[in-house]
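Note that chain A is present in both complexes that follow, paired respectively with chain B and with chain C.
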Partner chain A sequence: MDLLLGAVVLGVLLGCFYAAVSVGLSVAFGLLDVPHVAHPAFLVLASYGVFQLNESYDIDPLLAGLAITPLFFLFGLLAYRVYYETFERRGSDAGVRGIAFFFGIAFIIEVLIILQFGVDQRSVSATYIGKSWRFGEFRIPIRQLVAFAVALALTVLLAMYLSKTFMGRAIRAVAQDEEALRLMGANPVRIKQFAFGIATAVLGIAGALLIIVAPVEPTLDRAYIGRTFCVVVMAGLGSISGTLIAAIILGVAESIVLTLFGASWAPAISFAMLLGVLAVRPQGLLGR
Partner chain B sequence: MNKRSHSIAFWAAVAVFLVAVLSMTQIVRNEYPFFAGYVILQFIALAVAWSILGGYAGYVNFGTNAFFGVGVYTAVALFKATGAPLVVQIAAAAVVGMTLGFGVGLLTLRMRGIFFSIATIALAIIIETFVMNWRFVGGAAGIQIQRPPVMAPFDSYVKMLFFVQAVLAVIAVAIARYIQNSRIGRGLQALRDDELAAECTGVPTLRLKLVACMTSGALISAAGAPAAMYLQYADPSSAFNLSYSVSALAMALIGGTAHWIGPVLGAILLGSTQQLLAVTISSEVNVLVLGIMLVLFVVGAPKGIIGLLRPRYRLRAGGKP
Partner chain C sequence: MKRRTFLGGAMAVAVVGHGSSALAQQPPIKIGMSMPQTGGLAGGGKASLLGIEIWRDDVNAKGGLLGRKIELVVYDDKSSASETPAIYAKLVDVDKVDLLFAPYATVPTAPIMPFVKQRGLLLMGNFSFQVNSKVGHDMWFNNAPWGPADSWAASFLDLAQKAGGKNMALLTADQEFAQNLALTARDVAKKRNIPIVFDQTYPPNTVEFSSIIRALKAAKPDIVYVASYPPDSAGILRAVNEIGIGDSVKIFGGGMVGLQFAAVMSNLGSLLNGVVNYNTWLPEKSMYFDGTKEFFDKYTKRAVEAKVDPLGYYLAPFGYAMGQMIEAAVGATKSLDQKGIAKYLRENEHKTIVGPIAFSADGERKETATLQAQFRGVKDKDIEQFRTSGKQVILFPDKLKAGELISPFEAARN
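Right, the complex of A and B next:
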């Protein structure tokens, strides 16, 4: 019983971390309808950026994540521009090719990382990595607590940005009715591009959390395709508060299965949950 | 030319091709061309099979590796349990692939676009996880395969596999060609363009998608079945490698999916480029080239190589050259 309780506690911490890595996808895919399969690849790329800064200049991984955030923002602006010009604007057959486009991008990122860093696992060093706190019988690694706190802050900040600020409301408006926004004199493409930039910029911090929680390897994005899409779809497309809840459900489920059956089943859990959600409630999940 | 003379020309070309392949195995001494040729033929089968669902119906399958790996492991399990000959292994893999295609179809074909694609990745990872935990076929560590003695008229196992894969590629192409020109193909194209409109005009969309998914799955699994014999080894992470999915998808899209010849051209072009690069540079670089070509073609030449050739050779909308 104590074992299970410990698993639940760790699962909640893990879940908040999953929210941070998924929240960008919730904007890109949930709100903007971009089939962004490369989101987890960008995430892993951010982790390697953090690794490089930490390795060469001994910068704290969280600061390093913050440092690469502007770069990722520009990256996102560029990616959306290419996507818009080649697929959305021309319209026909955009689905098949748009998905293939992001799949190809994800694969290119994976191979470039392998060519640059090799296939070995990489990790960062910081004062809070490697220690853990004891709460009675539980032992909680401090890296998990740091990731939990930062992830929670990140998710809440993004949710507030989308609901309270003018730009945030514009982003949600463009997701609901692009045409109405156009009639009011706004440029929906500009807004969407900016939103995609934000969604990608968040990955700077999320990538730092990824490499703080555990070592990373170039093909790690494959497991995170399942996790991020599972969270976003389960949340209900585009719902940020839903993202947090769905992520915690996934985190707890993974943590419990890990405790009861062992690590060899871990990669399949998020995908199985995703398939379950898609199979049971496709009508509620396909489009708004 | 009318339909019948097209058919005669096609089957004559097939006969010439198979005779050429067979005589090559009897004449050429060096084994390397057969090693490389096997891989290219395997890619032809994969790309053509992928395009039956992905090209004709517009359902982007990321799970080619799932079907491929299932083919590999059906063959391995059967061979280990009964020592069944290669032909039986391939047939069994096709049947299992078809069954899996049916299951996948039922589960996922109501999903559209990205949901279907992600679901196929999910399937691949779930099956791979099961195989990793399956002791009988070696689990995550993999399993060594001892090739049985080679059959006449071949003098080496690789030459025989080369011929077998050539036959599989021909079967895949013939089936894709048949589907393209039949009611099934027209129905798939209709639902690809507008699924709701097709459904409304009486096209049995779900049944057609199931047929496409089962055919595609059976062909991919069959193409994967000889892989363990080719490598004399099988392990989950290479049998279920995502690069099979990228390759099949990239080759089909780069070649063009409007006509069965597109994936064949794409597979020959990219497959042989990769073979050259793998020898001269490295295997990572050839995967990189594949990814970059995919993105460039998807952005710049949406109809693929046959789309680029179309104005010159006047491929008609029906897709016949």
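Right, the complex of A and C next:
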């Protein structure tokens, strides 16, 4: 019973972390229909930015994540503009070519990281990494609690931003009916560009959480492509609260399997769950 | 490239070429290999390649082999088993290399074994484990110091049993190397009547090990034998530190790849203390042979520029040794006939910078030279500390032993 309870608690923590690394994709792919397969590569790049600041100036990883957020916002604006001008504006085959474009970006990011940092694993140091809180016999890694709290705050803030602010509503509107928005005098491309900037900016914090939770290496993005897309699709495209719920379900399921049923089954869980949700509810848990 | 630089370079090549006309007249001896330059094994792959490159440069500086320069043809296999069969087919059929070196590690090497056997090609193995056990290729020679298959697990369990360990937990990565290691560990445990109370295989890309370590701890094992790959070893040790492993554990470690790499060792720092893990070369007096110091002098300089493991203890000298063995065999047989080279390698003992090497019929070392060492007194964020002796106290083999095991594991962590 203790083991099951522990697995559930650790699963919730892990799930919130999955939400943080997926929530940007929920905006880019879910709301904007951009086939952003480079999302995990952006995430790893952010982790390396955090590593550099932590290594060179001893800045706390979370603060370092905050510090690089504006840079990532600008990076997102630029990436979307290039994508739009090169592919989306030109017509109907933007989807397939867009995937190739983002795969290309992901590959370039990997190579740049290798050239700059080498291929070795990198990690950060902070007072909360490597320690745990005890509750009797039960221990929780503090880095996971930090990741949980920050991820939860990030997801809730982004959900509130998209539902309460003028720009947030405009982003939701452009996702629903781009043409109608254009007829009302708004510029959907600028709104989508801004939204992609937001989706990339949140990776500053998510990247910090990634390197807080575990060491990173240049090709780590490949491990996260499946998980992040699984969470976003299972959540229902564009649903931020759905992303949180789907990620927690995934985290708990993985944790229970790892603890009680044998670790080798864990990777199958995410895809089995994805297939299950799509079979029963094709629009995802909280889909549009 | 600027025109002037290019012309300067061309002139320099011409001058050098004129000075060594014998070398220039003969086509180079091409040695082909894939090597992980990206992916989870890249840290080791790059260090291994640098060791081989230093050997190439040394040989070429001495005038080459059979009067011909050595040229390496290297491709990145991205640490992936699916890449290597096509690469080795290209090396043989398109690049027409004269000799083959295997890539670093078990996973990329395993799938090329049937190919080299079918073609009757000599393959110098590079730190893979038991990839020839089922294939039975008689032209395979592994540079790694593992020795007989079960000696790795046996040496660890010897230490564990002396410390009072009576049952074992096994945690292994779901890939070729770790599974082979686990297989031998299970065999040795069975022969010695050591019950296995926890036996879990975790998949590649596992993000978080807390849940697994919690389950392992609940089994209350005396001995914890871990066979993990570089991306996972750090995650496992972090989780052990945070979740705890229990007072029952006498000894922890055994087959964790990654704890030999400077970046990982530096990242983990004091979390390494107490872990007993295998190793291949450590900076102890007994481990210096002819050329070892000179090799590390060169390696240390070149590693910084190449952005590879600054210590390079684990793989780099064995890459050099692989070249030394080929050098000796080609020199002695005075040909590139692969069967002749294989015969020479099988029948002789070879002097290398990692000590004398002799092979069994299966192409593995006759005698194990795999070290079991315990991390002690390691501080955080200090790579240089690992250049001194005493940070990894050698417990096995007896002839190299530098201290006794500190047990239980939790006591050894302080």
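Worth a mention:
Everything that follows uses one rule, which is that the second predicted complex is superposed on the first by the 258 of 288 C-alpha atoms of A that agree within 3 Å, B and C clash if a C-alpha of one lies under 4 Å from a C-alpha of the other, contacts with A are read in each partner's own complex, and residues count from 1 in each chain.
Going forward, a residue touches a chain if its C-beta (ideal position, glycine included) is under 8 Å from a C-beta of that chain, and two chains touch if they have at least 3 such contacts.
This structure is a prediction, so every number in the text was calculated from the model and none was measured.
Looking at the shared chain after the overlay, A:A279 reaches chain B, while chain C stays out of its contact range.
Applying the stated contact rule after C-alpha superposition, one finds that A:A7 touches chain C and leaves chain B untouched. Within the superposed three-chain model, A:F229 lies in touch with chain B and out of touch with chain C [touch as defined at top]. When the two structures are aligned on the shared chain, A:V82 is found in touch with chain B, with no touch to chain C. In the superposition on chain A, A:P215 makes contact with chain C only, while chain B stays out of contact range.
When the shared chain is aligned, chain B comes close enough to touch A:F101, but chain C does not. Shared-chain residue A:A67: touches no atom of chain B or chain C.
In the superposition on chain A, A:I114 makes contact with both chain B and chain C. By the touch criterion stated above, A:L181 is placed in contact with neither chain B nor chain C.
In the three-chain superposition model, chain A touches both chain B and chain C at residues 114, 219, 223, 264, 267.
Those residues of chain A whose C-beta lies close enough to touch chain B in the complex are 29, 35, 37, 82, 86, 93, 95-97, 99-101, 103-105, 107-108, 111-112, 114-115, 219, 222-223, 225-226, 229, 233, 264-265, 267-268, 271-272, 274-275, 278-279, 282, 285-286. Those residues of chain B that touch chain A in the shared complex are 54, 58, 60, 62, 107-108, 110-115, 117-119, 121-123, 125-126, 128-130, 132-133, 140, 242, 246, 249-250, 253, 284-285, 287-288, 290-292, 294-295, 298-299, 302. Across the interface of their complex, chain A is touched by residues 37-40, 42-43, 45-46, 78, 174, 200-208, 210-212, 214-215, 218, 230-231, 234-235, 238-239, 241-244, 258, 261-264, 267, 271, 307-309, 380-381 of chain C.
Against chain C, the residues of chain A that register as touching in their complex are 2-3, 6-7, 10-11, 14, 17, 110, 114, 117-123, 125, 129-132, 139-144, 213-215, 217-220, 223, 254-255, 258-260, 262-264, 266-267.
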